Amino acid sequence: MQVETAGVISLSPLGEATGLYHLVLTAPQIAKESGPGQFVMVRCADEQSLDPLLLRPLNIFRYHPAAGRIEIIFRVVGRGTDWLARRRPGDSLSLLGPLGRGFSSLEKYHRILLFAGGTGMPALFGLVEQEGKVGSSTEHNQEFVLLYGARTKEELVFLDLWQAAGVKVLTATDDGSAGFHGTVTGAAEAMRISPGEFDFYCACGPRPMLQAVQELMAKYGIPGELCLEEAMACGIGACMGCVCETVHGYRRVCTDGPVFPAGEVKFS
Amino acid sequence: MTTASSLETRVGRVTLKNPVLVASGTFGFAREYERLFPISALGGVMVTGITLEPRAGNPPPRLMETPAGLLNSIGLENPGVHKFIEEELPRLRDLGTEIIVNISGFSLDEYGRLAEILDKETGLAALEVNISCPNVKKGGMTFGVHPESAAAVTRMVRQSTSLPVWVKLSPNVTDIVEIAQAVVDAGADALTLINTLSGMAIDPEKRRPVLGNVFGGLSGPAVKPVALRMIWQVYQAVTVPLVGMGGIINYRDALEFIMAGATAVAIGTGLFLDPFSPLKVIEGLQGFLAKNPEETIRDLIGAAHCSP
Amino acid sequence: MTTASSLETRVGRVTLKNPVLVASGTFGFAREYERLFPISALGGVMVTGITLEPRAGNPPPRLMETPAGLLNSIGLENPGVHKFIEEELPRLRDLGTEIIVNISGFSLDEYGRLAEILDKETGLAALEVNISCPNVKKGGMTFGVHPESAAAVTRMVRQSTSLPVWVKLSPNVTDIVEIAQAVVDAGADALTLINTLSGMAIDPEKRRPVLGNVFGGLSGPAVKPVALRMIWQVYQAVTVPLVGMGGIINYRDALEFIMAGATAVAIGTGLFLDPFSPLKVIEGLQGFLAKNPEETIRDLIGAAHCSP
Amino acid sequence: MQVETAGVISLSPLGEATGLYHLVLTAPQIAKESGPGQFVMVRCADEQSLDPLLLRPLNIFRYHPAAGRIEIIFRVVGRGTDWLARRRPGDSLSLLGPLGRGFSSLEKYHRILLFAGGTGMPALFGLVEQEGKVGSSTEHNQEFVLLYGARTKEELVFLDLWQAAGVKVLTATDDGSAGFHGTVTGAAEAMRISPGEFDFYCACGPRPMLQAVQELMAKYGIPGELCLEEAMACGIGACMGCVCETVHGYRRVCTDGPVFPAGEVKFS
């Protein structure tokens, strides 16, 4: 974990009116230390401006330790991400990271189901890419199936990258414009998963999706991990601001998470 | 010439190598920031609010960013004083900076017992008494908003420890000077101010308060003008040293507080926008003093009160 | 379907075509903004604070921008009630919107006389009683910070006029609910809140307070969380309508105030960052209501208090 | 007076380390209405950012009613002007203006002394350019002498423009790097003005300079006008925030000024 001044290499909108952007940064230190499911905090304001005040947490989509780069996918939802979307190549950004307890090693699992909802997708890609880490999916003889949900077809981004990584991709959209017409859990039910077909799952997306995924997978008896979001201030575990309720009491999403074993997080 | 000693300051019996502390509740037990910079660079650490019993804190969401400010409703989540002494204090003692323990009670008794328990420990510079806690025996009004209850808490702590007693004032009062005087008369060695302003936010889509606890405490640059005004008023009324906080981000903010009358300052929310901000404030103060070789930070305390 | 009447709201006896007013002291006598947009678009105008005698106001500098906020120390510069009636009121009457006159006195008597004098005038919707003025007879403490003096001012104005009496609360108090209740018991028809938070700023180069008057009133987005919290608390304690203000910039801010319990809202500092902000807030509220054709603005008042 | 969305045509730094910038904007409405000594208020923050909060007052350096353009010269002193200095051609800015009571007509004067200090200079140029207005200096057979002071040579900008407008330019610098070594009033004294040599003066610059100019000109018995600065909120006369002390009591700099007859403003 460190504060690093990152350089913007590229920033590209994804699709027409999705509000999604793809950001590529030089950040050698952070790239070196990153693992799947970790995130960075990014200052999203002019140096002298105090509004917005806080850093914004964003998942690390890809990290390239050798090239000293990281990639981020973000959606413009407010003033911080709006500011970020107006950066240009050559600009610098202040980053704190990598942060959080990411996904556990998947070494011992073979058939893994991934659930991605919207901007939860980037948190999962490190699991199949794992650049610079011990093993890659093929080496371990692992099979991944990604269930990727979004509001509409245009918001399903980087499908090619997932496919190139050897992942079977199933999509779901709220409006039916691509894949299953409905939620990712709807799509999972439609798959009629047979006992033993999957031995683990990882999920990242909005809370209602995570709750539904957790319930469904519990029914099938498949263990897994969930990656959460919560408003953050320090991002490093000091302020106790980002807690979620778990079976062990309140836990900090920024340091005890953002990834929690399925069954621990109490929804509602 | 500006030497390190130009920055030295004294809060009563406590000598600080520089006037920049970190504020209670924003720095945990220094475990996390330790990974980013040497804590010994700081004037001191005000550790997270400690209570007699462990506390789970308030239901989430606990944070909401507001314009140039931050609302929090942590609710004093902490492991309790015994676990604190066992698990955190030994490490804190060795950090090479002054350790100030922030204590919170829900009855007079609890304040007394906390002070007694901590009195037996070595390596503490002072107790910071958070009087912004609801008094469970008096229907939940916080101790800090009435001069009598604020004084009662101060007296209780004063009697229970030989450590310096710093009392942390709540800004949610009609007359901060009245409270400050009552607390000083009751034996406070120093005052720290301000704690957070009571506030809230509503989510217009959900049509509900954003925070799980409805109300939260407002901190950050947004509150700086209020904090400065209170330091200014209290400085004119009491003679004990003041530790100023509320929205300090850079060295110019710190100078404002010092010139208003603060002997030292603390940074809380500023850490969240730049974890290195305390170090940058120290550097900035050093740079400011370097312009006038005769001057030390002590010469600037209250400097804005005298006509030019 | 959203019709104009979806935005209609009633502050006691006063019907407003929409819930968006402009706050006293920020809109002058509507002369200036009239050159930018038709004043008749507004729910109402709260005119600049009027006193019995003309007042020169405080020495400059009177303004200081703070993080997401503004400190002002205008000091009630105004031509006095007689010149106001002669030179401003005739024009104001014809603007096609509700005119609320903000009055300030330095003794109970002055409040009474102001109310009496204005009672004789036609075309006024209500009096807004600014109780944040220093009481010259009581050593300068402001009327608004104690329930007794706040009630006394209210009673005096109530007895002196048949116009609706709106009392404007000061946020610089320990317990806003206590003041609100006292003022309502004394006959207030509505409450407006909040006035500015007392604050200050220091120029570290000059080593002096920035404002000529040392202290100023903090307004703007920085204070919004405090204002919302007070509206929320007061709404739970009294039944008279509330006019909410403090940092409203856009329609979402306005919704927060309305859902916290405000029947109408006022924009002050928001005008300075965009003179058209009141019109944009009106449009934004209309857009929000359009999403749910059954609903009017009146259905949203206090909506955040009930569980979903 | 109106709110106008202006387009940035160009933004150029003036000199190396002066912190001065030259901004050219399309703002047809404001250009049409402007007069010498008037100013605009500019929002200097991202649309969604609330810090800095207030609009910044800046003098109109040149206005071109026919071309629908205005020009501004500003110095970066804080976060607002810092933001402004990072705009690029094609960006838009929100402007309120033209504002204030500018300089009176100089029609009846013949030999006019102009005092400019630092970023006070732009306020004066309209007096000699007066584009689109009734008369120009040559038509009226007027003579202008500009005394232009700055900290250092580099900060004396657009001297050529002044000279091209037929103005005799004398400079003064704090560091002696150009012209008179000292203040503009020092330079004026060094000129040994003879009785009747000038019949009017106009001045814009920092308060201490204006005070010194007013005192000196009073000694010579020359009438004139001063253009002031004061922190502003509304900029249009509504808030009573920007007053300065005058012999008639407090007066609003934004609407009663920024230009006041010499002798009215009380300094100290």
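A, B, C and D label the chains in the order they appear, each numbered from 1.
Please note the rule applied: a contact is a pair of C-beta atoms (placed from the backbone, for glycine too) under 8 Å apart; a residue touches a chain by one contact, two chains touch by 3 or more.
All of these numbers come straight from a predicted model, not from anything done at the bench.
Each chain's centre was taken as the mean of its CA atoms, and the one lying most distant from chain B is D.
Separating the centre of chain A from that of chain D, both taken as means of CA atoms, is a distance of 54 Å.
One inter-chain figure worth recording: chain C and chain D are separated by 36 Å, centre to centre, where each centre is the mean of the chain's CA atoms.
A separation of 34 Å divides the Cα centre of chain B from that of chain C. In chain A, the residues that reach two or more other chains under the touch definition are 50-52. Touching two or more other chains at once are residues 67-69, 220-221 of chain B. Taken together, the touching pairs cover every possible pairing of the chains. Within the complex formed with chain A, the residues of chain C that make contact are 67-68, 221. Across the complex, chain D meets chain B through its residues 50-51. On chain D, the positions that touch chain A within their shared complex are 45-46, 48-52, 78-79, 82-83, 86. Contact residues on chain B toward chain C in their complex (touch as defined above): 66-69, 71, 145-146, 172-175, 197-202, 204, 206-209, 214-216, 218, 220-226, 228-229, 232, 247, 252, 255-256, 259-260, 288, 300, 303-304, 307-308. Those residues of chain C that touch chain D in the shared complex are 25-28, 31-33, 35-36, 48, 56-57, 59-65, 67-70, 72, 74, 77, 220-221, 249, 269, 271-276.
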